[in-house]
Amino acid sequence: MSEQNLFEAPAGWLKSAVDALLSDGVEVVAPVGAEDGTVDLAPVSSSGAITLEYLNVNQPLKRLFFPQTEVLIEFERQDDGDIDVKSQSAPPEEEMVVFGCRPCDTAALDVLDKVFAWDYDDLRYRERRERATIVAFACTGPDPQCFCVPVGGSPHGSQGSDVLVFTRDDGSALLEVNTPKGEKLMERLGAVARPAQPDSGLPDVPDIHTGFDPEKIKLWLDDNFENEFWAGASLMCVGCGSCTYLCPTCHCFDIVDEGIWNRGERRRNWDSCSFGQFTAHASGHNPRPDQAARYRQRVMHKFKYFPERFGLVACVGCGRCLRACGVGQNLVSVLHDIEKT
Amino acid sequence: MKADGPATDALRKEAADLLSRGDVGVVIGYGRQDDADLAAPVFARNAEDADRLVFDDHCLGNLAVYLPRSEIRAMGRAGVVVKGCDLMAVNVLLRENVIKREDVVLIGTHCAGVGEPQLEKCSTCDVHSPEGCDVVVGEPVDQPKVDEEQRYKAAAEIDAMSVEERWDFWRSQFDKCIRCYACRQVCPLCYCKRCIVEKNIPQWVATSAHLRGSIAWNVVRAFHLTGRCVGCGECERVCPVGIPLGAINQKMSRHVGDSYGFHSGLSADQEAPFTVWSPDDSDEGIL
Amino acid sequence: MTNGDSVRGNTALTPLDYRPAKMRIESITDETSDIKTFRLTFCDQDQNEQFEFRAGQFGLYSVFGSGEATFCIASSPTRRDYIECSVKRVGRVTNDLHECNEGDIIGFRGPYGNWFPLDEMEGKNLLFVGGGIGLAPLRSLIWNCLDLRDKFADILILYGARTVADLVYKEELKTWRERDDVKTIYTVDPGGETPDWDGEVGLVPVVLEKENPSPENTIVIACGPPIMIKFALFSMRKLGFPFESVYTTLENRMKCGVGKCGRCNVGNRYVCKDGPVFRYSDLLLLPQEF
Amino acid sequence: MIKLTINGNEAEAAEGQTILDVARELSIEIPTLCHHKAIPPTGACRICVVEITAGARPGLVPACAYPAQDGLEIQTDSERVRESRRMTLQLLEARCPEAKVIQEMAAEYGALDLPLERKDEKCIMCGLCVRVCKEIIGPAATCFAGRGPEREISTPYKLLSEVCIGCGACAFVCPTEAIDPAEFCSIALEKIPNEFNCGLDSRTPVYIPFPQAVPNKPVIDRENCIHFRTGGCGACKTVCPADAIDYDMEDKVVEEEVGAIVVATGYQLMDPAVYEEYGYGKYPDVVTSMEFERMVSASGPTGGGLHRPSNGELPKTIVFLQCIGSRQETDGKPYCSKICCMYTAKHTILYKHKVHDGQAFVFYMDVRSGGKNYEDFVRRVVKEKVATYLRGRVSKVFPRGGKLMVRGADTLGGGQVEIAADMVVLAPAVVPSSGVQELAQKLRIGYDQHDFLLEAHPKLRPVETNTAGVFLAGACHSPMDIPESVAQASAAASKALGLVTHERLTREPTIAVVDELTCNGCFECENVCAYKAIERKEILDKDGVVTAVLAHVNEGLCQGCGACGVTCRSKSLEVEGFRDLQLFSAISAISR
Amino acid sequence: MSEEKPKKDGQDKWEPRIIAFLCNWCSYAGADLAGMSRFGYPAPIRVIKVPCSGRVDPLFVLRSFEQGADMVLVSGCHPGDCHYTSGNYHARRKLLAFRELLTFLGIDPRRFKISWVSAAEGGKWSSLVAEVTEEARALGPYKEFPRSVSEGVSDEG
């Protein structure tokens, strides 16, 4: 990587950048507002659709690389009884630039990268990752549900992003380039941003008020697989998939076939460890028979199993699960409770 | 910290009494969590726990959803805090043999409406004071006259569109669905041991979160609640992608209301409209 | 933990795009009323020649349009011209597989997972304890060992099922019995016998204790319904077998087979990658979630 | 024990028995008039006199009042006795020429036609009525009034009685039918029409429903019973020697578990009054075939006598009208009632038996006489000129000069005909018994648009219904005559027996099955099953504790319609042969 | 779209796929009668026999659209005539409510027909089929509805 990793962009830089990329035939994904006030990442065809008014995008970044449903293979039965099997077509050649995700979501890509490349390299995931350049926007105003710091992140964390953007109040921005991909992008955007003075200071990192110690929590988890605590902590959980589906690191999936009489496709769909049928066997036996076991799995997986296996906590503190849970289950309170015991 | 609602003290006392007398093994009520807008459920197992209970306008959830759960049943008789609207769900659970009346103690709350701003359903609520509970706490609330039309407003707005417009509208809505089934899990009436979407012989509903699967899912959910939905609005409230599920429920409630004079949840011994028939049912639209 | 850690599985299939190889059903054998054994060959001759696996590994078999399901490879790695799997009819895929005819084409991904520690077993006495369809993974290993018979000391096969009708691989049971280099004990649960049943009557653990095999220099490989395994292990403890020399397999539900779909884990171990073969002493250290 | 002889027969009597009691036990007939077993005897009318020939002072004594004594020898029919009775009867006959019993007795004893001045009365002044009212019923509504020849039975001051409860006991005990409480009771007393006789006569509130009733025992009609209406009376209880009347008995709902049900609720006739042109209900001489049937029946209200209801005269000309409401698409029943042609032919014959010189006409549309020997029967009626058959419809029946004019078309003879008839008999359409819809719904069996019950298959399963175990017999299925009803009944009975005598049921394999792993026990399916085939099954754990109550399909009842499975949200119920997977496959295959 | 491809047998006219669920006792018999009486009815109708209209799960309608139907018809016995006494009454409630729901969601109600045809109404059946087929032709292929498999590309959510 070259020395120069900080760039300065004037107000309106985003519009110019997006327009430039679009005219180059690059697919641009950026935050777009919906009628109900939520903001989500979506492909845009002009810079006009982009909004900057959001704490974080509603749905996690993961779905760009690990979509909620995707075709794995297609098959068709031939008249002679043979079956024609095709792999999923590769993603488009053209590049994709993603603007606007937050540092917590990009940090989550580390978790996904680990899983999808573990031993067997998930081809489609890798292809999608490779074609994407990620331009994250540093957090300016985290809310009380955000807790990236205790899990090793920061509102200014650059983990997982190719470029990290610090937007100033006047609309101008500092762009921090973190990867060769980011460099390439900056080259391409040449006119939009100029190299910044090394001393053009970054804004202050906003405070995150929530704190806990994942190490301590892991120590407790190590000894407390069997504990009354889980039954109590999970009582209110109704076992939906909101928290897992919105979680940027959750990656469980299901594989199903769909089709008509002679043709069909095999799909990969998001799945959730919260669901009662997730691990159920044909005999009726279920290794995780109740919500307590399932909720325990969620916490254990993030704060014990994953760190043991891959060396990092599988939670980036985005706070989505806290916000999304319809019944008020609060991961942080649960962690605090664990810490206290 | 928000101020406790006026019913809170009475509620705590009743719950503590029930628990200390051993009348119930658990009282399911609302508690407060930091500054959250939502009062999360509290499962009080003893008299001290009862002090965690509150009742105020943050008590959005419908706690009837917990009654069928085996974990709760295992605790013995369950006391449950119900607003008038929640009680309607309890009635359906009773009718459908999911719970037995003697296994629950209904702690009703007079409720002037919840939510900030107040939930839409509360503005058309005609059960501010629950009837048929074992205990009722709080100050009785005036029951304003309810405008029937207002109750079905969300559905009426969509009904006013053309078929094509409706299709566009719903397609864009269902496209958002991530199939998290929060709408199902939070619905007190979606208590199936195995939901139809989990049945794979045959696969009734494609589990994929594509438009086809999500249409099927939302159609199934709405249809399975037709004639049963009590309009508690929980599904719409929890949908993480903001699909206006309430409008669909309203539409179907209105249909069974207009066609069969049926309004779900009014009592535990109504016969569900899809289990009975009349020779006089309309033949309109049949060739 | 297990040998699976030291010797990685056949990773020839990376990178992974979930596309199965096509296999043709060569023959179908009815084992019991709800179990059939399928003999399969790759449609692509090259794959037939290249394909290698080890006893204990599994694959994901698919009926196109119906889905994928996990079965162990029930044939021996020493028989290179086909693979076999035995399938119990329980759900969507297994139903549809049972509906298939000879000549039909199905999909296969694999082999996945770890295998039985053949090296460790060399020179030792082998005790196979099987119940019901649990004989399927054992069968692969049994034939494997029989084909390399001189490498092992005494071999004892103890196999039980609920009733005579529930015994699988009936022809092979006979073949094994007729061999004089293997000892076999077959048993059915009390009440499950027929008039001409000449085997034992009694639950596997009971018969095991009665037989009282010596733990000396012996490796036990046990597969079967969880409840049988549980009691068989009790008996083994009684008989003095160290848990380090007992192996079994787990069958947690899985979708991908390659450690991504997230449902087969037992603690931080993945049945699809760290298993399905587990040393019993290792299993005891894991959360009991299987 | 008292020993005595009656007419030479030795008899034993208990203390307190009268000679009459003993004689009746021996089946020795002694006529009585003023005696009623419920009322202490007085021996007033002296009809029951018998002669004591030995054992006491010889002479005539009233048998009803004279106690049985040891050693008595009695003659009940000696010349002396007959003479005495004759004299008594002569007087009574002269006084009460209207009383039928007296007339008959007088005839028997040769006491008729004596040159005595006759009064126009029925009452023999026995006073039974007065006594029953006072001594048994209680109100004492009646009394003797006047003296000597003026003496009569009346109410005090001859006013309408306020105390009379209208029980009719007086009329009941009166030997000569001389008293009618309706004449003096202040309560308006209505005759209770005898349903069995189509209301052509009346009956008492306690009555045997019809001659062949099974069991042949009386019933009390609570609605009309005085006891149930006023709490008084109790006459029947007092008089019943078997003490069988128990007013505290309640109607009971009897629940029986049965393996089969045969429905044989039959038919009724449509009310012909809806066709004003025939004048039924307006002119008394227009009757239905059923009424006619009762009139000519020996056990009927007229004892078999055929009279014009309007004036009691013999109907010399009678017209039978067929197809009243049958085979009428527009304002009647479109079907043929099937039995009318044959019973009308029978009626014409019966008519001819009663009125030898009478003339019978039959207006018909077609004569439908399919059936063994049926055509011969009708041929005979026509050939032997029992009746004149006119093909055509009657447009109007109207009175003229004491006759009923029947105007109709004779389509074969051509032209209008008009017959001056004394009586007109209508053959109304046969319709199912009322209430059959309710019954069918209860039994979950089908019925057609006319409410006739539906068989499972017209050719192959004619007496079975779609509900297993329910069978049909007789006219509830469709109009049919007795032989056909009996044939069906036999078939139904053997089907039913076939069902209940087997250890195992055979059934169609296409029935619903429940997946107990997923059934929620909501029992929405139970409600929709038209056959009540869904049962509640308790699932027990190994300690016998009920852990769940789940749906279970009664394989014998399920008909495989599939309504339950559609209603079941969790898809825990499927019909074999029409499983969801099968239908999905069909949809998929057919959509290519 | 596959629907618009010329049919294999050389006809190049697009024909709608109409899936009809007929109850065994009335409508199927009626259709049978139509056949026997040589009333004849247009070919695009594809019949699935069910015991009773009450057996038709409303979700079959959706399934049929998913599998490629351009129109779905459910036909049963006239009210009062049900072989199972009340199956058609149940069907009437459920199917009409279902149509109400589909309509509300913008799923074209003209593509979902319900009819009563008795065993005797061979004539009614054939004219009804002619009528709805004509309507289905006029409506054209049901492109809007997401099918289980579309030609080539899959519809990703």
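To keep things simple, chains are lettered A, B, C, D and E as they appear, and every chain counts its residues starting from 1.
We adopt the following convention: a contact is a pair of C-beta atoms (placed from the backbone, for glycine too) under 8 Å apart; a residue touches a chain by one contact, two chains touch by 3 or more.
This is a predicted model, so every value here is computed, not measured.
Peer 1: Tell me, which chains sit next to both subunit C and subunit E?
Peer 2: A, B
Peer 1: Taking mean CA positions as centres, which chain lies farthest from subunit A?
Peer 2: D
Peer 1: Does A-C or D-E have more contacting C-beta pairs?
Peer 2: So, comparing the two chain pairs, more contacts are at A-C.
Peer 1: With chain centres set to the mean of the C-alpha atoms, which chain is at the far end from subunit C?
Peer 2: D
Peer 1: Could you give the separation in Å between the centres of subunit B and subunit E, each centre being the mean of its C-alpha atoms?
Peer 2: 35
Peer 1: Between subunit A and subunit B, what distance separates the C-alpha centroids? Give it in angstrom.
Peer 2: Those two chain centres are 32 Å apart.
Peer 1: Quick one: subunit B and subunit C, Cα centre-to-centre, how many Å?
Peer 2: Using C-alpha averages as centres, the distance is 48 Å.
Peer 1: Indicate the whole-number Å distance between the mean C-alpha point of subunit B and the mean C-alpha point of subunit D.
Peer 2: Using C-alpha averages as centres, the distance is 60 Å.
Peer 1: So which bits of subunit A are touching at least two other chains?
Peer 2: 68-69, 254, 256, 258-261, 264
Peer 1: In subunit C, which residues are in touch with two or more of the other chains?
Peer 2: As it turns out, subunit C has residues touching two or more other chains at 67, 91.
Peer 1: Residues of subunit B that contact two or more other chains, please.
Peer 2: In subunit B, the residues touching two or more other chains are 194, 201, 203-204, 206, 208-210, 213, 274.
Peer 1: Pull out all the chain pairs that touch, please.
Peer 2: A-B, A-C, A-D, A-E, B-C, B-D, B-E, D-E
Peer 1: Residue numbers of subunit B touching subunit D in their complex, please.
Peer 2: Contacts found on subunit B: 96-98, 191-196, 199, 201-202, 204, 224, 271-272, 274-276.
Peer 1: So in the complex, which bits of subunit E are touching subunit B?
Peer 2: Residues of subunit E touching subunit B: 58-59, 62-63, 66, 79-80, 86, 89-90, 92-94, 96-109, 113-116, 128, 132, 144-148, 154-157.
Peer 1: So in the complex, which bits of subunit E are touching subunit A?
Peer 2: Of all residues in subunit E, those touching subunit A are 67-68, 147-149, 154, 156-157.
Peer 1: Mind listing the subunit B positions that touch subunit E in their complex?
Peer 2: Of all residues in subunit B, those touching subunit E are 155, 158-159, 161, 163-171, 175, 204, 206, 208-216, 218-220, 222-223, 226-227, 248, 251-252, 255-256, 259-260, 273-274, 277-279, 281-287.
Peer 1: Which part of subunit D faces subunit B closely enough to touch in the complex?
Peer 2: 517-524, 527-528, 549, 567, 569-571, 580-581, 584-585
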